[in-house]
Amino acid sequence: MSRKVEQVLIVGRDAAAWLTALALQRAFGRTGVTVRVVELPSLLGPADVYAAVPSLTALHGLLGLNDHEVLAATSGVPVLGQRFSNWSGAGKPFVHGYDTQRVAIEDLDFLQFWVKARAEGLKVELEDFSLAAAAARQGRSPVEADGTQVETPVAPGWHFDGRSYVDLLRRAALSAGVEGRAAGVQAVSREGDRIVSVTLDDGLTVAADLFIDASGAEAVLIGDSPGAEFESWRDAFRADRILVASAPALTPLPGHSEIAAFPAGWLGLFPLRDRTAITAVYDSSVMSDRDVAQAIPVLCGRPVIGEVTVEPFAPGLRPGWVGNCVAIGGAAVALEPLDAILLHLIHTGLSHLIALFPVDADQMPEAPVFNAGFASHVRNIRDFQLTHYALNRRFDEPFWDRARDVPVPERLAERFRLFEARGTVAIYDDESFQEQNWTSIFVGHGLIPRSYTPLVDRVPVEEQMAKFRGLLARVAEEVRAMPEVESQFGGAAR
Amino acid sequence: MTGPARVRDIVIVGGGTAGWMTAAALAKVIGTQTYSITLVESDEIGTVGVGEATIPPILLFNKLLGIDENEFIRETNATFKLGIQFVDWGRPGHTYMHPFGLFGADMNGVGFSHYWLRAVAAGGDPDNHRFVAEAEALRLGRFMRTPQKTPDKPQINYAFQFDASLYAAYLRRFSEKRGVKRTEGKISTVARHPESGLIESVTLADGSTVRGDFFVDCSGFRGLLIEGALQAGYEDWTNWLPANRAVAVPCDRVEDPGPYTRSTAVEAGWQWRIPLQHRTGNGYVFSDAFISEDEATAALMRRLDAPAQAEPRVLRFVAGRRRKGWVANCVAIGLSSGFLEPLESTSIHLIQAAISKLLALFPTTRNEPELAERFNRDLDLQYESVRDFIIAHYKVSTRDDTPFWRHCRDMAMPDTLQAKLESFRARGEVMVENHELFRETNWFAILYGQGLVPEGYHPLADVLSDDELKLRLAGIRAGIERRVAEMPSHEAFLRQCLEGVTRR
Amino acid sequence: MTGPLDVVIVGGGTAGWMSAAGLVGVLKPDQCRVRLVESDEIGTVGVGEATLPQMREFNDLIGIVESDMMRKTNATFKIGIEFRDWGFKGSNYVHPFGAHGKAMGGVAFHHQWVRAGQQSRVADIGEYSYAIEACRKNRFDFPVDDPEAINSTYNYAYHFDASLYARYLRGWCEARGLTRIEGKVNDVALDPQSGDVASITLESGERITADLFIDCSGFRGLIIGQALNVPFEDWTRWLPCDRALAVPTERSEDFAPYTRSTALEAGWQWRIPLQHRTGNGYVYSSAFISDDEAMTRLLGNLDGKPLAEPRPIRFKSGRRTASWTKNCIAIGLASGFLEPLESTSIYLTQVAILNLLKLFPRSRIDPALAERFNRVVDNEYDRVRDFLILHYHATSRTDSELWRHCREMDIPDTLRDRMALFEHRGHIAQYRDGLFSPPSWLSVFVGQGMRPTGYHPMADNLPLETVTAGLEAIRRRVSERVEAMPMHDAFVRDYCAAADMVPA
């Protein structure tokens, strides 16, 4: 008979550590599993932000976190998408909206009809048929000030102040029964690929059945695990710096994040209630830290307030589960915070971990399955991010020329080819982003299908046009039914 | 007469700024070794010269003469000028500048103003002056010459404000040193050849005769030769430029004079304020159809910044142009060739333009009708383009608070101007011909400054990505701020210039 | 678009006529013109054929009326497959078209079932499946829509006479204008430049050109294999069966709503109940049994009187490496073969047709379309392959050489990992595309005799008593509700009795 996993030790910091603690406590706390956290010093400054895609709402649900309380505690705001500007030089910005439904006419993807109509002269952008994009552009979201949501087929993403969010998670975890201790790691005792115990800098040695490394890029546990070599993705992602800063709050609050390309990388503006969080991800060989810091108020059109911090960044992935140690978040995977993906990467790791939570403390054949599944998920996310880079249309700028020229992974190249040929998105197992997401960014970046499926012609042209009009009218109507973000979270609500 | 006689003896009728500028330029360029240059003037006749403001091409004139700028500044009590500040023109309470500098920098062959309009349309800073180094320095009262022109430090464009009488005196000394003969006296008659109609000589009040091969009429409004003798005719532009009087008065100097001329729109015209080293020139340009001379004088005196230094002097004029500036063997230069109010400080420039043109087309013989025709055509274009530019100030205004301004609002304008305003309104563009003094950047400054906001801009300005535009704009602005921060105050720089130059 | 695409389907049979029906039924005449070449001389493999529930989508898409089709193909309903003697001799389980139980405490049903089973006695997992219990009782009814109702938790397919189905579709297509060309293909000509198929030539000498050729010529792969030389990936090392003998028997009294598969010494025997007769066959490996022995074994193992001589069929498991190559698309057996253990043949044909429709070229063949088609088809084959191998490999049978071989053979990594995780902790990963879903894997894992040693730790969040009570409640609901279903034969008689159905 197998020996049950009873002691879980999380060594880490910030959202990765506390989301993991709370998730494991909620999932297994009542089954006799003890969850302890060794909290390393936070890497978050006052300017940090967590931006999340809509899937986080489901995680919060499982964790017992209430939207209203989270928003209130974190100066948070809901957003219905991300607006990408300057990625095609002077081309029009587009909004990647968080629609939950793919629009279809007679079971055929609406895109197919749009491609046909466009070939025949239709001038309406695909984005105009996206409810989430339309609402985001108009500064609306389904979320009311009290956290309740208007019934509509979109799902909000979120912006939270980094430190407040972590404080909230820590409180929730501790009150759920997680044991926490602030300390550093002095030594890790190993036996083969397994970790026996961790000795802290306060002298305490802690043994456990399962260790979680949530320490971020430091990878304090998994970094030295045999076979956990980091696979660098520097060739694909040239940015080597992440800068965070703050600007005054936007009035009115927009319904989306702003992701703006600039000569050395991209700049994200994440509106919060009391400030606008800024993240710049860039290649320091193209623009120095100082130049970027100086460019930020210019690019944002707003002054920078408070502290500006710059951290090095090295993209890549390592096997997240080795022996009895599982890495969650930055210790397993380093991707740019593009597409509001960082919390989602934690979430993805946790979903895999909970689904495969080891049943036997002494042997964990789940590891390869976890690693394969997680890596496959991450690669798809990576490809989604690479899409932005690969399809950029900024010419004669070294950073962007290179981003276009560097070969993309074959699977992504195939996605491009298929989409261009037929407007079909190849969707694989382990996808975070669905067809509507891929479609939105493909078309947004200017990848327009050359042809459409002949099945479209089964629907009479007059009927197609009537459906188009109906869709636009429905979008307009549904958007009107959503409150303005400003009215719920800005101005007087602040 | 056997064969056409070559031009050797040149007679300039009238001193003043135009006369002495002509004399100095001729003395420098053609010299007095093979040519004789005589200037006839009378001390009895006062010159119009009060505080006079110039525009940057004056530097070329100075360079032509080879004069030392610091000495010139000392001798003429000059101050530096970076542009004109227009007060209450677009609407009461509103101020803008027409600086001498370029507005930003062209990108991809499209004028900066279009990019700037795009940025403003997207919520950018609507203060265009931030993108002109001269305007920024002007605003802060700073000035410095550009020591060495480099791509990232383009020339600072400037001109001078000086005492016109001292300037004339300075040029007189310059000319006389180079052999120009000055003859004291008032012209009584002009003798013309009965057949050819060429001017042979002028007779002075004392009966003496000054003979010449070629005459330059610098006699002022009267146009003693060009009109009095040759009846060239005068084209009256009062329908477009109603002002026909000016009252001028100097007052005490102000501390720390700004490096600019101020023009303030008032009830029936506008007032100038030109700071010099030792005093400030003031004047009120008006139309006597809307205000009497006395009322205008009283208004001017009332609005002086400092005690007047003299009695106000009234000048009368008619806006317009001599139909022909060069007739037979006589060229009119200065007020004799036409009059445009000094709203854009163009008087000295028009003198200078005529002098350059005369030198370029300098006659071999006494009768050169082709050269004359060419001269006239070129000068006409110059006058007309300056005229349109000045009219634009009156037309593009929302002022309707007095009969004068209502008149301006309702009056017709030349077709050439109409076309410019329409294209500016549509997409911020003013098509400027090669010969025109005021370029697109000048038109932009005044039209936008007066309150005409274009509805669009050049479509190619959209080709630059938003971030690139912001970064370039910020780069330009930061460069300007850096440059201006290096500048001393205008006053300090003036002192620096005057040190080591001894006054004659 | 430049007129309709010219499509020639080579080969009739189920694949050929389904392809034809798909193209004719879905595309418009201005999009494609379809012709089908077949020879009455070439027999088709069609015997009693069992299908999967996806079949209904195909019929719905082209607009086939179910009861009509069933009547004309002697069809019966199918809600699962019974596997006899597979895990061990005497074992019996059903792979249902439906779920087992329902999730409890946030984990899939089987985790709780495993957990409860470790502590106390639980019923066979089949007793928690509505579809399985219906099979056991020979009952059938249409599933209801209400997801809360236990009788919504399944799906159904058909057993039918494949030859009749092909004939049915032929009539359907010809009524819609499809041209059928009688003849045998003698030669395939390739374009020397592009390598595309240029034309086929019939024995009659008739040469047929087309834009697109659909190879439904069966195992031979007349175009895809013989002309284009697209390699065939051989999977015999995992799926050793390479022969089949098929024989119909008289209709039995046992009118089961499921297919039966009985493991024999060197393969397995199918039994497919139709309205008028029962289809039978022995799928075996020639490496482990001779054809004669197989024949004897089959005939000795029939539960009804044979209606014909057993017909031998030869095949090889595997698939083409690129079913869509150039302008040729292989569909059906020409694209690959997997033994009918899980009734996947028609499903795989259908997947190919639906994807061809989605990716149907407009004017030119974009290589990306073929790439996609092949990717989807490959994935489907790979998924089914692993699932089939599981039946052979996860057995405790050691009574014959075939089974000993299968127990010990290397299996694909994908399958090995899947089995390991199931045994370790009952984990069944769900994939996005392709057969089969976790309930299918569960039924075969458990049916073949695998029992997880662990279960998902979250299962422990629910008190054991709650779980045991929950299990019992489901079992009772299933068994009570199944009793209310009509008998399958009565249902068929009422709904779609064939003209020649033998009255019960």
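Read from first to last, the chains carry the letters A, B and C; within each, the first residue is number 1.
By definition in this document, contacts are C-beta pairs under 8 Å (C-beta built on N, C-alpha and C of every residue); 3 or more make two chains touch, one makes a residue touch a chain.
Chains and their UniProt names: A, B, C = Tryptophan halogenase.
Keep in mind the model is a prediction, meaning the values are calculated, not measured.
**Student:** Compute the centre of every chain as the mean of its C-alpha atoms, then state which one is farthest from the centre of chain B.
**Tutor:** C
**Student:** State the pair with the higher C-beta contact count; candidates are A-C and A-B.
**Tutor:** Pair with the higher count of C-beta contacts: A-C.
**Student:** Any idea which chain sits dead centre by C-alpha averages?
**Tutor:** A
**Student:** Whole-Å distance, chain B centre to chain C centre, using C-alpha means?
**Tutor:** The answer is 95 Å.
**Student:** In angstrom, rounded to a whole number, how far apart do the mean CA points of chain A and chain C lie?
**Tutor:** The separation of the two C-alpha centroids amounts to 40 Å.
**Student:** Quick check: how many Å separate the C-alpha centres of chain A and chain B?
**Tutor:** The mean C-alpha positions of chain A and chain B differ by 64 Å.
**Student:** Please list all residues of chain C that touch 2 or more other chains.
**Tutor:** In chain C, nothing touches at least two other chains.
**Student:** For a test of understanding, state which residues of chain C touch chain A in their complex under the given definition.
**Tutor:** 26-28, 31-32, 357-362, 366-369, 371-372, 375, 417, 420-421, 424-425, 427, 429, 431-433, 453-458, 460-461
**Student:** Residue numbers of chain A touching chain C in their complex, please.
**Tutor:** It comes out as residues 2, 4-5, 27-28, 30-33, 354-360, 365-366, 368-369, 373, 414, 417-418, 420-422, 424, 426-429, 431, 450-455, 457-458.
**Student:** Quick one: in the complex, what on chain A touches chain B?
**Tutor:** 85-86, 88-90, 260-263, 267, 295, 298-299, 301, 394
**Student:** Under the stated contact criterion, what part of chain B meets chain A in this complex?
**Tutor:** 123-124, 462-468, 470-471, 473-474
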